[in-house]
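The first chain written gets the first letter, and so on, giving A, B, C, D and E; residue counts start at 1 in each chain.
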Amino acid sequence: ACGSPTGPAKGPTVLAAASLQESLEEAAKAWAAQGHPAPVLSFAGSSALARQVEQGAPADVFISADQEWMDYLAGKNLIQPTTRIDLLTNRIVLIAPKGAAVRGLDALGEGKLALADPEAVPAGRYAKASLESLGEWQGVENKVVPAENVRAALALVERGEAQLGIVYATDAKASDKVEVVREFPASSHPPIRYPAALLAGSDNPEGKAFLEFLSSAEANKIFASHGFGIAE
Amino acid sequence: MFFDLSLSCRVGERAIELAFASQARLTALVGPSGVGKTTVLNCIAGLRRPESGRVAVAGNLLFDAAAGVNLRPELRRAGYVFQDARLFPHMRVAANLTYGERLAPTADRWIGQEEVVEFLGIGHLLARWPATLSGGETRRVAIGRALLSAPRFLLLDEPFASLDAERGETLMKLVERIRDELEIPILLVSHDRSEVERLAGEVVMLA
Amino acid sequence: MSEWLTPAEWGVVTLSLKVSLVAVALTLPVSYALAWLLARRRFPGRILLDAVVHLPLVVPPVVTGWILLVLFGRNGPIGAWLESQFGLVLVFRWSGAALAAAVMALPLMVRAMRLSIEAVDRRLVDAARTLGASPWRAFLSITLPLSAPGIAAGAMLGFARSLGEFGATITFASNIAGQTRTLPLAIYSGLQLPGAEVQVARLSLISVVLSLAALVISELLVRRSAGSRAHVL
Amino acid sequence: MSEWLTPAEWGVVTLSLKVSLVAVALTLPVSYALAWLLARRRFPGRILLDAVVHLPLVVPPVVTGWILLVLFGRNGPIGAWLESQFGLVLVFRWSGAALAAAVMALPLMVRAMRLSIEAVDRRLVDAARTLGASPWRAFLSITLPLSAPGIAAGAMLGFARSLGEFGATITFASNIAGQTRTLPLAIYSGLQLPGAEVQVARLSLISVVLSLAALVISELLVRRSAGSRAHVL
Amino acid sequence: MFFDLSLSCRVGERAIELAFASQARLTALVGPSGVGKTTVLNCIAGLRRPESGRVAVAGNLLFDAAAGVNLRPELRRAGYVFQDARLFPHMRVAANLTYGERLAPTADRWIGQEEVVEFLGIGHLLARWPATLSGGETRRVAIGRALLSAPRFLLLDEPFASLDAERGETLMKLVERIRDELEIPILLVSHDRSEVERLAGEVVMLA
């Protein structure tokens, strides 16, 4: 259509999970510095982005915070399956306000445990899965306060409204008001991977190029500096 | 026949029945309070639909239940001075006065703004908002607004109430002139016997 | 002002203003017509219409955004038609953000206007009719100006609501800098960044200042016509 | 009705109703007082107060929720005081959800009521005074009942807005089943999961039905007093 | 001294000055439309604050600019029949009538509801909403409401306008009775010369 951002001179439109905002903006800058047209970035929850794709939103690249929404789009033939890769990995950690006395789930008492909504948000689902496999879920279940997203859970701990929280390592690293009091073993929950793929409707060759750039050493350095792991 | 009407109309529990044909240019409609005088005027102006009957003024058929005729109010061209003045509160006096005038065909106008303003003594009020007028001032502006709309007939619902004697006299002279020189039929509701005796060629009693 | 704002903030502000003003301008006639229908007409399905008008208020904004996506997306019935007929695409565009804001503002605007229309004395309309005004002209010259307080209040509410609209916008129009990243979306983005409290506070303050300005303007407009507002015998 | 709803849905519905009704009941007197002040008094800072009242509309709900958290959280100034004085904790409780809904509903309620108060003929208040009524009594017997349309409209708007409130609630009160998981939060949870469209649609439909019921009730209430609404010489 | 006042008051561009002390129980206030009669009544009732002056009725000081006295309207106990009737639109006729009565001390009441209703002929209207009343019916209810509030003095702003002759006569007799038997001071604004001549012991001209 006329004036759509998918013309040849335009940068690709990239839909990405909100938690990737900082690092992806940096990566986009680096890419543009190489002489490419700057990509158009849109950040929202993975669910909202997937639904936009489903309804024909004119975009080229989708980076999800979990596999489910990517699978959902794949099931509807809305991505180019051969381009799908796992881009990044992450870990979940238990955090507490800096210097706080409560430093473990067993010390929680009447306190609260902030999670991203374990029924809805990926970070919360990983946290719940991990605690379940470690046999600790039942003890804390009714102390959980589910937040809208992982950053909101982080904010609850930062403010001291919740004594503990489980967030991504990347979030913990970005905040100087909380400290990591425990790391969860990677085996205790499904692997945390951020899949990326070209969308079926993409007709912008820059999309593919950008996706390839995101796996490059230069991009990896950026992601690593924000605390992400690089998926093999 | 200036006014030729027969109508029946229900308001609340009251049934109003009236039939008269008046040869006089100025007909007075009298009757005790609450008998239905204002209701009759509303029927003639087209603001209320009678249950049955027929309304003709100066040979123009305005309403005929049997024939299915029911002219819309804006086509009846009544110059209606309401018992409650009903000035438009968001327009200054000047704009109230010209409201109907600007809607009327130029050829039909039979009185000019200047003349009306002078007769009614409202020249100093033109820039005022209606909310700042006294009772009598409000009434006079309402009369002016009706006259300027180039009406084919006048419906006056107690137009002289709350006017002082002098002002009332000037106005009555104006009404006489309209009646005699311009031959505009007038239906006047009034409680003042002397007023009725002086002005009306015919008196219709509603009871 | 541009000295106090970074270019990015400045871009967000102008986009927000554009989106909100267009949303209010779009919604104004529609909501007035709805308000008039609800205030003055009795027809079958009136309460249903009333309920539909309230929907964007009751249903969470994200759902409204989702419904907009289903209807106005490029694969949606209305969206596909708009694109084929007029080449008009709403998703991912500022026009989509304006549509989302307009839909969310609608119920507030309708209610305010309806209250004012209901308060207009019908006897004044009758008076206008006897003076020769057609129903349409009587509406334009009497009902419309006398319901101005409701129009002003509705426009103000709608503008404020549009400025603050988040959920439907991010769901329907997405969060693209320069296209659909209005103030609330920029604030949301800021909230995703730990340590961006200052940025969030700045953006929130900008919202507040904008609505304060709008409020002052609307109060002045209403006061200008205040002479006319008093009650009359 | 309980046959058509799962126990979980039933719990969400009753919680939503409780939260919304309490929110409206709480906000009603406050917003009427604010509406009266804004409509009838001229004082320094009036426009500022007006702006503050509009804030929850302009600022994105999540920010409002965050500000509530800062103020009413257990570590916030008001929250700490409430807890030490009355043992009242709002965060993560249904009462917190009601507070969030009340704050979001406030601007809508104030505007509707203000419009109606401004439409009350002050000459009637004067008349009441000459008949022996104190200012307070004249207010209770004249201004208050004559502004009933605005109260009804405001209550309806506020109730609908409360039913639909999401962002401030989840931020301030969290999304705890049985405590703070109101309809919009339940809908949100559903929207995050692929394939939960049916559940989302059911819950949205319940919201719509609830607001429709509220609308019918409010229309009936208003109509019951309709005889009094016409204009009088 | 029944009415003893001297006041000056600005409305818009008009400056109203009036001073009189009246020995008559019923004093008529006359003058052309817009001269300030209603404004004077508002000053006496406490609805408008004069710039300067003094207002005393039946020996009670209501206002004294120099002494800083300014009784609130509800303490002045005026029975004010407004030029515009100002019925409460959200109360039925019966509730309008009793509004002031219920606020007045029982001991002060000098007329009962039944008597008022009978005199004014409004018994059939008690269950009605004000919006359904005719002009004269509205006026009569307004008079009844003022009388029932147990006032210490009456302010009547053209109370007989839009009443038919018979009803007017009944009312005038009531006013005469109030004046003579109850010794309630009355200030009457009227444009009807015969009315004034018949009722007023003193006539104050405002110009």
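The rule is short, and it goes like this: a contact is a pair of C-beta atoms (placed from the backbone, for glycine too) under 8 Å apart; a residue touches a chain by one contact, two chains touch by 3 or more.
Listed by chain with UniProt protein names: B, E = ATP-binding cassette domain-containing protein; C, D = Molybdenum transport system permease.
Only a predicted model underlies this, so the values are computations on that prediction, with no experimental measurement involved.
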Item to check | Mutual neighbours - chains that touch chain B and chain D alike | outcome: C, E
Item to check | Taking each chain's C-alpha mean as its centre, the one farthest from chain E | outcome: A
Item to check | Chain pair, most C-beta pairs within the contact cut-off | outcome: C-D
Item to check | Computed distance of Cα centres, chain C from chain A, in Å | outcome: 34
Checklist entry - Rounded to the nearest whole Å, what is the centre-to-centre distance of chain A and chain D, using the mean of the C-alpha atoms as each centre? => result 35
Item to check | Approximate Å spacing (C-alpha centroids) for the pair chain C, chain E | outcome: 50
Checklist entry - Measuring from the mean C-alpha position of chain A to the mean C-alpha position of chain E, what distance in angstrom results? => result 78
Checklist outcome for this item: Residues of chain D that touch at least two other chains are 62, 66, 123, 167, 188, 191, 229, 231, 233
Checklist outcome for this item: Where chain B touches two or more other chains simultaneously, the residues are 84, 132, 135
Checklist outcome for this item: By the touch definition above, chain A meets two or more other chains at residues 48, 152, 155
Checklist entry - Each pair of chains that touch: what are they? => result A-C, A-D, B-C, B-E, C-D, D-E
Item to check | Residue numbers on chain A that touch chain D, as the complex places them | outcome: 45, 47-48, 50, 68-69, 71-72, 112, 117, 119-121, 144-148, 152, 155-156, 159-161
Checklist entry - Across the complex, what residues on chain C touch chain A? => result 62, 65-66, 69-70, 73-76, 79, 83, 87, 89, 91-92, 170-171, 174-177, 179-180, 188-189, 191-195
Next on the checklist: Please output the residues of chain E touching chain D within their complex, sorted ascending.
Outcome noted: 45-47, 72-74, 76-80, 82, 84-91, 99-100, 103-104, 129-131, 135, 138, 145-146, 149
Item to check | chain B contact footprint on chain C (complex, rising order) | outcome: 123-124, 126-134, 137, 141-142, 145-146, 148, 225, 227-233
Checklist entry - Which residues of chain A touch chain C in the complex? => result 1-2, 4-5, 13, 15, 18-19, 21-22, 40-44, 48-49, 51-52, 54-59, 149, 151-152, 154-155, 158, 171, 174-176
